[in-house]
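Residue numbering begins at 1 within each chain, and the chains themselves are lettered A, B, C and D in the order written.
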Amino acid sequence: MNLSPTERRLLLRRVLAGTQCVSPAAVYDPISARIAQEVGYQLGMLAGSEASNATLTAPDLVVITLSELAALTRGIMRACDLSVIVDGDHGYGNALNVMRTMQELEHAGASCVTIEDLALPRPFGSAVQSSKLVSIEEMTGKLRAAVAARTDPALVVTARVAGLRVEGTEGTAARARAYAETGVDAIFITRLETLDEIEAIHGSAELPIIVGRAPERLKREELLERGGRVLLQGHLPLQAAVRALHESYRRQWNTANGDELMT
Amino acid sequence: MNLSPTERRLLLRRVLAGTQCVSPAAVYDPISARIAQEVGYQLGMLAGSEASNATLTAPDLVVITLSELAALTRGIMRACDLSVIVDGDHGYGNALNVMRTMQELEHAGASCVTIEDLALPRPFGSAVQSSKLVSIEEMTGKLRAAVAARTDPALVVTARVAGLRVEGTEGTAARARAYAETGVDAIFITRLETLDEIEAIHGSAELPIIVGRAPERLKREELLERGGRVLLQGHLPLQAAVRALHESYRRQWNTANGDELMT
Amino acid sequence: MNLSPTERRLLLRRVLAGTQCVSPAAVYDPISARIAQEVGYQLGMLAGSEASNATLTAPDLVVITLSELAALTRGIMRACDLSVIVDGDHGYGNALNVMRTMQELEHAGASCVTIEDLALPRPFGSAVQSSKLVSIEEMTGKLRAAVAARTDPALVVTARVAGLRVEGTEGTAARARAYAETGVDAIFITRLETLDEIEAIHGSAELPIIVGRAPERLKREELLERGGRVLLQGHLPLQAAVRALHESYRRQWNTANGDELMT
Amino acid sequence: MNLSPTERRLLLRRVLAGTQCVSPAAVYDPISARIAQEVGYQLGMLAGSEASNATLTAPDLVVITLSELAALTRGIMRACDLSVIVDGDHGYGNALNVMRTMQELEHAGASCVTIEDLALPRPFGSAVQSSKLVSIEEMTGKLRAAVAARTDPALVVTARVAGLRVEGTEGTAARARAYAETGVDAIFITRLETLDEIEAIHGSAELPIIVGRAPERLKREELLERGGRVLLQGHLPLQAAVRALHESYRRQWNTANGDELMT
């Protein structure tokens, strides 16, 4: 409403450079973002899974298009003053597609775009539970493309390391180091399990860390000491809305239509 | 998912030609529509106020565009098998704009489009509480345009009479009669207060009636006897979702961030 | 590509404050804008008629939606470095709609938005050749809304006076004066016939003038002396493309398919 | 305007089942499609390269999104009565993405969607001139997904074999056979050089062939005898429009602005 895209990006940069580890509101559409702001939030997170759910009621399998993600981002930014971290998945293809991802999400007003090293969409023939990463060479090329493609230097570019459970702590820390050298502003860690892991990654990358949800046993203070500046809290708000909708429709259905089908 | 747009339109036509007065789920985005379907609904209603809210978090003042309404409709139809009545407001302009409204909402998959006789967006100089109707001549021209513009004959076109509290029962019944002669399939009544009103309008138009919410004292059976085949139930589901979101964000805010601002 | 929306707006402001009367390229899609830039243009004009043609192959009757105009504008801005004057027609409704028009076209990257005082879309019952203006009170309200709605102060807001052939020189000059007082940056004149007209309007408004095409007998130098800073040159490029396409398809049709229908 | 999507698909099916080898108009936007229709065409082709050019003025490197291609397709179908073959590239990802590609392009009104076996977007580390194909297993999975995803059985699904210059005649014919077994309706051949090639592919697949441009020495009659039912003619119309625009802007530039920059 009042804050420009650049002002929102600078707010996020202050968070990343600050001394707290804050949690953004998990927002997924204009209404949820507006409510989060009214509650007091200044920071929001648009997860890929929630974007797919809101747009397509589809699971998180990257069938949403970049255009749809950008339109959703724009709708959210227009409805609120939050700074919003947008999950750019793998950047929707190769390094050229990453550049378009940056171009479109920057135009949509995103405060931060994350690009991850998981091979997406799931390659042909891979087992459902497996996670395949792209090579360090490919990923650093994509990240350099992302950094080069932004036109507002305030826009935060974040490399998401998805491989902790695939390549282990050391391998992931090495990736984080290589990613940091491309000029990204932060590292986003998924599937964190231990403090050693964040410590190794933070020590290696020397960049602020966004923690994509951590086990309860890892305390905010402990994450903060190891570079954690943003800590996600999962998808409870969307789940609460779904539950409330279900109950409300169920109640109205029973009142109005009984159990008989209408035709 | 499985039902074609035509099949959904024919289902609504069976409801209008049937012997029950059913209530659609008030849906406003893909997620809500999907949930309504899981609860058992086969019929949904996309109100203009909810479309504005979902798209822009804006009040019902017709600042949403036809393209936005069509995109929202398409998103809803893609996510579910409901037949959906779409509030086409005034048809977004003159009779030519009505034709585009029909073209776009038909393409988006709407099962029914309502066009109303209220002068929208609010004309310059009119008092906030006042309601100004377009002339019968203009409205019948718009309705003829709507009927002519549909290419799927199964698509239901509904004339919405907004003037009960402006022109009274007799005037509104006369309008309904004139509207019926354009070939529309149903009459949508807003701001109904008494059974006499629906009886007069139904008697005059000789078309099935969609009741846009009635006072509790008017019973479903009484509306049914007077032509009522669809009875809206207001906006409780959206309100429930908003409340649930507010509570969820508030709870997470208190846990994570306390009351201090993050910057 | 390289110039930010603000930089492009500032370039147009330099033109308006300058000592020349320049002609923008009439652009209507990304390809035409890119070519115009390669030819040397720095300024483009997206006319309402060309936007309708490019989007819908429809005549200039305001059946295009604001969302479509914004998407076209965005596509053009993304493909080139031109500063582009965008024809915002009447602002797509009342003063609230004008605010959305500004919001969307500013986001799309427009360098200038024109809002005109013709009653659009054509009101019910008006003769095809007639031109009805909205009242001065309504128009100044809309222009104040436009000025208030921009968030980038560099964005140029232009009032388009459409009434020279309706209300005459004096009436139009009075309108231009009233419009100027709302804080708009320029006056756009349509259907100019004589130097006296532009002189009167410029003298009254004391703002730079954009001339929406003038008869050949009015020389650029003469318009410049009377405040003209931008002079449109009509729709020749689009016409040339249409002619070339027609010839090319005709030639290929004759070669490949002869005159027989394919079914 | 008048023909439904299904009617247009059936027309294309009659062409494929017919006794002629016809050439579609190469269309790239609503205006070009409308002109092609006026010239007499009933069939159009929307190439990926032209879609990228029209939308982004970008080369054919799959930086266009599925949503953009679908919007362009919809705009073209709305403006004309042509049956249009739409280049769906690789289906924008894995088999799930292929399903969305079919869903979106079917909704947009495409008469035919082609899915090709080239690995797109260009994989990391591949040489610029190289062409890498996906495996037969992956491609047949994608084609089965495409066939399963259409809801209008009249929609034509075409497998595009891109590997003639990579795997040779025999390998490509074997692929065409495997692709045919998935239930696709036609084979699209790119980079055809000899009659032996089309003969081998047609003999193997036993499906009608769409020839994506052939050297002049291969005659239409000869292609027809070997299964050719559609023969593309390249991108001359777009090139003609580009040339006409360039000349028109150049002429206006010289008249109006001389060679001096405007700032």
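In the analysis below, contacts are C-beta pairs under 8 Å (C-beta built on N, C-alpha and C of every residue); 3 or more make two chains touch, one makes a residue touch a chain.
Since the structure is predicted, the reported quantities are computational estimates derived from the model, not experimental observations.
What is the chain whose Cα centre is as far as it gets from that of subunit D?
If we average the C-alpha coordinates per chain, B ends up farthest from subunit D.
Looking only at residue numbers at the subunit A/subunit B interface, is the share used by both copies over half or under half? Answer same or different.
same
Distance-wise, how many Å sit between the C-alpha centres of subunit C and subunit D, to the nearest whole number?
Result: the chain centres lie 36 Å from each other.
Using Cα averages as centroids, what's the distance between subunit A and subunit C in whole Å?
40
Show the residues in subunit B shared as contacts by 2 or more other chains, in ascending order.
Touching at least two other chains: 78.
What does subunit C use to touch subunit D in their complex?
Interface residues on subunit C, with respect to subunit D: 11, 14-15, 18, 20, 22-23, 25, 29-32, 34-36, 38-43, 53-57, 75, 78-80, 220, 231, 233, 236-237, 239-250, 252-253, 255-257, 259, 261-263.
Given the complex with subunit B, which residues does subunit C contribute to the contact?
Touch residues, subunit C against subunit B: 61-63, 65-68, 92-97, 99-100, 121-125, 134-135, 137-138, 141.
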